[in-house]
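Naming follows writing order (A, B, C and D), and every chain is counted from residue 1.
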C-alpha cells in the first residue's frame, strides 16, 4: 500500500510537469482565440486544446492512466450516451425536409 | 471503528435514522406502499369525473373540500386544473414515489445484501441519506397540493412551454424531482459498489441470483439516465425562476399577450429529448426488478432450476443497454423524418427480442416442474400473461404508421399500465408475500392472500383491457371529459366500466392491508427458510440481526439448485456444497 | 457508528483494484459526466439552431477573457495543490498535506471571488431595445447597451458603452414608451447568457460543495489522522478525484463560453 | 359515388375512415392485432397446459434436467423476422408517404393552422392562393392570428376559429404551428396526428376520400337506437333525424334538436319521450367529423376541438369565394 518515497518523488515531478503544460496550453488557447480564425477552425482548435488539457488532468491528476479496465468501460459508456444525446436531437432539430423555424404567428 | 452495538442503539437511531440496510429497506417499502395507495386514491377520484362528468363527487368530495376540488351549488367536483394536477401527480407518485422506491429502494435494499452474503451495503450512511432524500422529495410533492394553483398540472412529462407558464406547483415538482433524483443516484452508486465489491466468497457473477443481476442493471440505468433529467430540471427551474428561455421559442403569444420580455431562442423539443432519455430507461427500471422477483419466486415454487439462466442475464444486460437507444419513439408525432424514425423503430423492434427471450425462459421454466401454488407464486404467475399483453401492445406503438392513430390515446395508457400495474405491481406483491417471513419472522395469511389475489386479478383486467378499445376508438388521454368529443361519447359505456373496476380494485386491496398489519404481530411464526429456498438470504436468521450473518457465508454452488436427483431434500442452499 | 465491518472499506478489492469509496466516487463522476454532458449538448443544440444574430460572434464581446484566463490558472493550480496534498499524506507527511489542502481551499475561494466580480459586472450592465431609433455614435440604432443611472416611470437614463478609440458617449434619456425591452445581462438576457449562467452557476455550486468537503477534512483531519491515517488518505484521494473533475469541467467551459 | 356505408361507425374499434392514407394505417393495425392475438393465444395455451400438467400433486416430482428443444428458439426468431417484415414492408413505406413525400405545390390546397389555448385557428389564403402577412402585433379578439390588413394578399384571406372546411379528393397540405404551448393536430377519422410546436412550422398532408362529404356522412351515420340504449353521455353530440311528438301532437324533440345541454336535461327529455311511447330514436351526429387536440395543453384541453366540414371540390370553391367576400356593412346590423 505505502509507496516508496522514490516512487512518490517521480510522481511529484510528473505533477509539476503537467501543471506547466496546462498553464502553457491555457495561454495558447487564449492567444489562438485572438487570431479570429474561421469559425470551424476556431472550434476545432479550442476543443482540441481543451481535450488535451482534459486528458492531462484525467490521466495524471486522477491517475486514470493506471486504473483498471472497469472504469474505462463505464466512462466509455458515458461518452457513447453523450454522443447519442447530442446526435439524435440534432437530427430532429434539423430535419431539412419539412420543418422550419418560425417566430410565433409571424408568417405568410 | 466504534464500540456501540446494534441492539443498544436508541430507538431513533435503530428505526428512524438507521444505517442498517434492512431497516432502510423496510422504511422504503412502507413509505412506497403508502404512496402507491395515495396514487391509486387520486386516480379513483379522477375516475369518478371520467365516468360521470361534471357530477358531484359523493362523500370524498366533501372530505377533500376546497381548494383541492371545486365547489358547485350542490357539492364538490374536480376542476379542469385539479384533474390535470391529480393526473400529473398520479403519474409522478406511482412511478417516482411508489414503484421505483418499492422495487429498488425496498426490495433492493433489503434483499440484495442478504442475497450476496454481505453484512450491509457498502455505504450505510449514504444509504440512509438516500432514504431521507426520497422522503423529503415525497414531502415536497405532497405539500405542492396546497400551494396556490395546486400541484403540478402539466402531466408527469411536464412538457414546456405549458410547464414553464404553469403555477407554483410545477416549481415544487421540479424541486421534488431533484431530491428524488439525488436519492436514486446515491442509491444506485451504493448498489453497484456493493454488488461488485462485497459478494461472499465463492459467489461469482454467474452464481448471482437473477434478482441481483436485475438490480445491478437497474442501478446502471438510474445512474446514467437520471442526470440528463436533472439537467433538464435545472433548465426548467431557470426558465421558471430566472426568466430564461431554454424551452421557449421566440415570439410566443400566450392568452393574446405577446411575450416580448422573454429572450426566446429555446426549443420545446429539447425538453422532450432530455426527458425521454431518462423516461424510457425508467420503464426498464420499473420492470427489471419485477422480473428479478418473478424469477426468484418461480424458481422456488417450481422446485427446479431456471431455464436459460445465462440467456436471462445476457438479455437483461442487453435490454438495459438498448433502453438508452429507443427514447425518441415517444416522439414520433413531433414531426420526425424517415431517417430517425427508421432508426428508432428498428431499435424498438430490437428491444422486444430480449423481452421475448426473458418471458420465454420464465415460462419454459414451468415445464417439468412441480408447481406449488403459494400466494407469491400466484402473483408471479399472473405477472407473466399480464406482462405479455403489455409487451405485445407495445408493438403497434413502436411502429410509426400504426402509432399515428394510437399515439396519446387510451391505448398507450392500457399498454404501459399492463406492464407496470398487473405487471410490475403484481411482481412486487409477490415479493412482499415472499420475503415477508424474512423481514418479520412471520408468514402472511394464505386465505387473505388469495382473497387479495383473485379479485385484484379480475378487476385489474377490468380496468385496463377496455382501455385498448377506448383508445382504438380514438379517445385521447388526459381528457377531463371524453364525452365532450363525439368519438369519446361513443365509448363512454366502457369508461364507466373501467371506473367501476377501478373502485372494486381499490376495495380488493383491503385484504392485503389487513393481512400486512395483522401478520406483523399475529402471523404464523416460521423458521429461517420457510419456502425451502436456496439463495443466501434464507440462511440468515429471520429477521436477520444487524450485520446479517453470524459467520460470512461461503458459496459453493449456483443460485437455483432444486430437485437434484438422488438427494433427500429437494433443494440445496448456495452455501452448501452439492456433493455434501 | 456501526458495528458492522464493511469489507474493502479501506483496502483495495483484488479484482477492481479499488476500495469502495473510490469505486463509488468514480460511479458518481460517471453520473456527473452525464449531467454536464446533457448541459453541453443543450448548449450546442441551442447554439447551432439559433436564429442568425441572436448569439454573440465571440464570447469575448460579452465576457471578460483576462479574468477567465486567470480563473483557469487558479483552478489548475488548486488541482495541483490537491494532488500534492494527497501525495504528502501518502508520504506520511500530515502537516504538509494539511497545508496543501488549505492552499486548495483558498484557491477555490479566489476562484469564486473572481467569478462573483464577473457576475456582478453582468448584472449591472444593461441593454435597451427601443421602438423609434435613437442617435448613438452618429448612427440611428434600436439597441443601446450601457450602465443605468436612473429609472423612473417616465424615463430611463443610461450611459452607453464606449466604442474603442472614441470618446465616452454622454448620458442618454430614453422614454419608457419607447422601450420595447429593458434587461440587464443576466440569465434572461439571451440564450447565450442563460447557458452561461446555468453552466457556470452549476459549476460554481460544485466548487462550493468541494470547499465544504475540504473544510470538513481540514477540521476533522487531525483526529482522523491519529486514529486511521489510511482512511484519511483515501478520503483526500476521493475528494481530489472530485476536485479534478470540477477542474476538468471548467477546462471545457472556459473556451466554450469565453473564446468561441 | 361511394356507397354511404363504407366509412364505418363510431364505437369500440377504429372510428370511421375517410382519408386515403388511412387504409394503410388501419391495415397495419389489423395485421398487428391478429399477430398479437395469435402469439398470445399460442403462448397462453402452453402456459395453461404447464400450470395444469405440472401442478404439485402426489407423484409429480420436479425434474432437475432442463427441457431441451429448439421450438423456443424458432419462435423467437420467427417473432423477430415478422417484426422486420412489419417494419420494412408496412410501416416504413406508409410513413414515407405520410411524412416525406409532400404533394406537389401546384395541385394542393394549402391551409395554415395556428393552434392556441384552447382553439384551432384556421387560415385560408382565399381565391388568390396567397397567404397575407401575419404578425403578433395585429392580434386581437376578432383577429386571433394577427392578419395584417394593410397587406394586399390578406384582403381575400379567410380566418376561422374551431371550424375547418376541406375539399374531398384533393391533396390537403396543412402548415401547422402553435402560438403558445405544444398542441397536437389530430383528426381520428382521417388517421392524422401531428404535434403543433411553437417556434416550428411543420407541414402535414392528407387526402379526404372522394364522396366523404359531410352531407353523405350525416346520412350514413343516421341510425336508429332503442331508447333504452340512448344515454345523454353517449349521445350528447347527436341530433334527431326526425320530429318526435307526444300523444297530443306537441313536438318534444324536433328534427335537428339534441338531448339538451346537461345530463339532467337529457334525463328529463328521455323520460318524456318514453312517456310519449317512443321506443326508438333515429339520431345522427351533429358534426360527423372533429379535429381534436392530442397533447395536454391546459385546463380546457378537452374542449379544444373544431368541427370539420368536407365539401366536394366545387362546393369548396364556392364556399371559399363566399367567405372571402369583404363583409359589407349593413345599417340594420
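The rule we apply is simple: a contact is a pair of C-beta atoms (placed from the backbone, for glycine too) under 8 Å apart; a residue touches a chain by one contact, two chains touch by 3 or more.
Just so we're clear, the structure is a prediction, and the values are computed from it rather than from any experiment.
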| item | value |
| --- | --- |
| Chain with minimal offset from the mean of all protein Cα atoms | B |
| Computed distance of Cα centres, chain D from chain B, in Å | 34 |
| Gap in Å, rounded to a whole number, between the CA centres of chain D and chain A | 50 |
| Separation of chain C from chain D, taking each centre as the mean of its C-alpha atoms, in whole Å | 51 |
| Between chain B and chain C, centroid-to-centroid distance (C-alpha), Å | 37 |
| Sequence positions of chain B contacting 2 or more other chains | 196, 224, 228, 249-253, 258, 264, 266-267, 269-270, 274, 277, 334-337 |
| Residues of chain D engaged with two or more neighbouring chains | 99-100, 136, 139, 146, 179, 198-200, 202 |
| Residue list for chain A, restricted to those that touch at least two other chains | 70, 77-78, 81, 85, 89, 93, 97-99, 101-106 |
| Chains grouped in pairs wherever the two touch, ordered by label | A-B, A-C, A-D, B-C, B-D |
| Contact footprint of chain D on chain B as seen in their complex | 52-55, 79-81, 83-84, 153-155, 159-162, 165, 248-256, 258, 264, 266-269, 302-305, 307-308, 333-338, 341-342, 345-346, 349, 352-353, 356-357, 360, 363-364, 366-373, 381, 384-385, 388-389, 392-393, 395-396, 399-402, 404-409, 469-470, 472-474, 476, 478-487, 489-494, 562-565, 570 |
| In the complex with chain A, residue positions of chain B that touch it | 196, 224, 228, 249-253, 258, 264, 267, 269-270, 273-274, 277, 324-325, 327-328, 331, 334-337, 339-340 |
| Sites on chain D touched by chain B in the complex | 10-15, 24-26, 28-29, 32-33, 35-36, 39-40, 43-44, 46-47, 50-51, 54-56, 60-67, 72, 75-76, 79-80, 83-84, 86-87, 90-92, 94-96, 98-100, 116-117, 136-137, 139-141, 144, 146, 179-182, 184, 186, 188-189, 191-195, 197-200, 202, 231, 233-237, 262-263, 285-288, 290, 292-303, 305 |
| Complex contact set, residues of chain D against chain A | 99-100, 102, 112, 114, 130-136, 139, 145-146, 151, 153, 175, 177, 179, 198-203 |
| Of chain C, residues touching chain B in the complex | 1-9, 13, 16, 18, 20-21, 23-24, 27-28, 30-32, 34-39, 42, 45-46, 49-51, 54, 180-181, 183, 186-191, 193-195, 197-198, 202, 228 |
